[in-house]
Amino acid sequence: MTTLALAIALFLLANLVVALVAAARGPTSADRMLMALLFGTTGTGILALLAAAGAGAAAVDVALVLALLAAIGGIAFAKRAWRARHHVSD
Amino acid sequence: MSAIDWLSALLLVVGAAFFFAGTLGLLRFPDVYSRLHALAKADNLGLGCVLLGLALRADSLAVAMKLLLIWPLVLTASAGVGFAIARRAQTLGIRPWRQGDAP
Amino acid sequence: MTSGLLFALVGVALFALGVAGVVLIAQLPRRILAFNLMGSGAFLVLVGLAQRGDLPDPVPHAMVLTGIVVAVAATALALALVRRLHALTGRLQLPEDDGD
Amino acid sequence: MTLGLAFDLLLACALLWSAWRTLSTPRLDRAIILFIAFGLLMTIAWIRLSAPDIALAEAAIGAGLTGALLLDAYGALRQRKRRRKAS
């Protein structure tokens, strides 16, 4: 069962890398920010899976903190950084 | 392996599939609003299934409860962020994609 | 532990990247990012090499924990200075970097 | 155990790639978002190094606080540049 958790964590990490490559060359800055939010959620899942795969229960606490604080970046982006319309060529 | 183990493994796989679908939607959907929709799938269902599957096989009740506590937290946070980004997009005048538009 | 050694090597590469960025990038906010990457590389080297025995050495852990907090304070100060520079001169580069 | 090694290798590649893109991209907003992703990958790396205390600090500071600080500074710089251009 530990192997299954680690395998799914690996799959989610591969997912994350694909989204990272897409975020680096994404069309608009809002899409890149959505990618960053997806990183937060996927990272929470990976940390919870790693806790089951032998990293200990402390990893669950880290996942909890990450779930709380990943949203702050999104709010800061929507309220402060997203000023004007970003065109494709922007 | 008991039935609980099988159920937990099934939930983990389903959660991973939802994460994959969310990533795919984020890559392929045409505008900000529909991409938010895809992101919510990964947030709510994918993470929910993974956390439920892990909580079923947790060592103690405290760890299981902590795992299940993450889920409503993520639901609230993603609802708030989704609302903020969608409203900001509307304020900036980004129009929703309609059928027939260029993607 | 092999993963400790692996991440120590990654830390060396990150430190090199960060030093190159601090030296080569003229735009100040991006230079702050390079500075942060440099710090992360140093932290990875410290903790990765502390994983030798059965129990990891707690002293590098405490140092890295302090270092992360100091790094975020330094980043906040540097960003405040950059904003002030931009408000006063309208530029995002230091004066001696303008020539090239 | 070989699955763990594969995980570590993929994580190391992702760390190095995101750091390289953070420095090489000329646009500041792109660099900031890549840096936030880098902080998140660092959190996972600390867990792999069995240092949950550092992972906790990195998750709170690296992914949350520094990202918000950088995005706020970016928004302020951008707004001032536009106002300067308009006047």
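The chains carry the letters A, B, C and D, assigned in the order they are written, with residues numbered from 1 in each.
Note that in this section a residue touches a chain if its C-beta (ideal position, glycine included) is under 8 Å from a C-beta of that chain, and two chains touch if they have at least 3 such contacts.
These numbers were taken from a predicted model, which means no experiment stands behind them.
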Whole-angstrom distance, CA centroid of chain C to CA centroid of chain D, is 12
How many angstrom between the C-alpha centroids of chain C and chain A?
22
Where in chain A do residues touch two or more other chains at once?
33, 35, 61, 68, 70, 77, 82, 84
If I count partner chains per residue in chain B, which residues reach a count of at least 2?
none
Give the residues of chain D that touch two or more other chains, as numbers and ranges in rising order.
4, 48, 50, 53, 65, 74, 76
Quick one: do these chains touch in a line, a ring, a star, all-to-all (complete), or other?
line
If we use the touch criterion from the header, which chain pairs count as touching?
A-B, A-D, C-D
Of chain A, residues touching chain D in the complex
3, 6-7, 9-10, 13-14, 16-17, 20-21, 23-24, 29, 32-33, 35-36, 39-40, 43, 46-47, 50, 55-56, 58-59, 61-62, 65-66, 68-70, 72-73, 76-77, 80-84
Chain D partner contacts - residues on chain C that touch it in the complex
2-4, 6-7, 9-10, 13-14, 17-18, 20-21, 25, 27, 29-30, 33-34, 36-37, 40, 43-44, 47-48, 51, 56, 61, 64-65, 68-69, 72, 75-76, 79, 82-83, 86-87, 90, 92
Hey, which residues of chain B end up touching chain A in the complex?
5, 8-9, 12-13, 15-16, 19-20, 22-23, 26-27, 32, 35-36, 39, 42-43, 46-47, 50-51, 54, 57-59, 63, 66-67, 69-70, 73-74, 77-78, 80-81, 84-85, 87-89, 92-94
If you look only at chain D, which of its residues touch chain A in the complex?
3-4, 6-7, 10-11, 13-14, 17-18, 21, 25, 29-30, 33-34, 36-37, 40, 43-44, 47-48, 50, 52-53, 55-56, 59-60, 63-65, 67-68, 71-72, 74-76, 78-79, 82
Provide the residue numbers of chain D that touch chain C in the complex, in ascending order.
4-5, 8-9, 12, 15-16, 19-20, 22-23, 28, 31-32, 35, 38, 42, 45-46, 48-51, 53-54, 57-58, 61-62, 65-66, 69-70, 73-74, 76-77, 80-81, 84
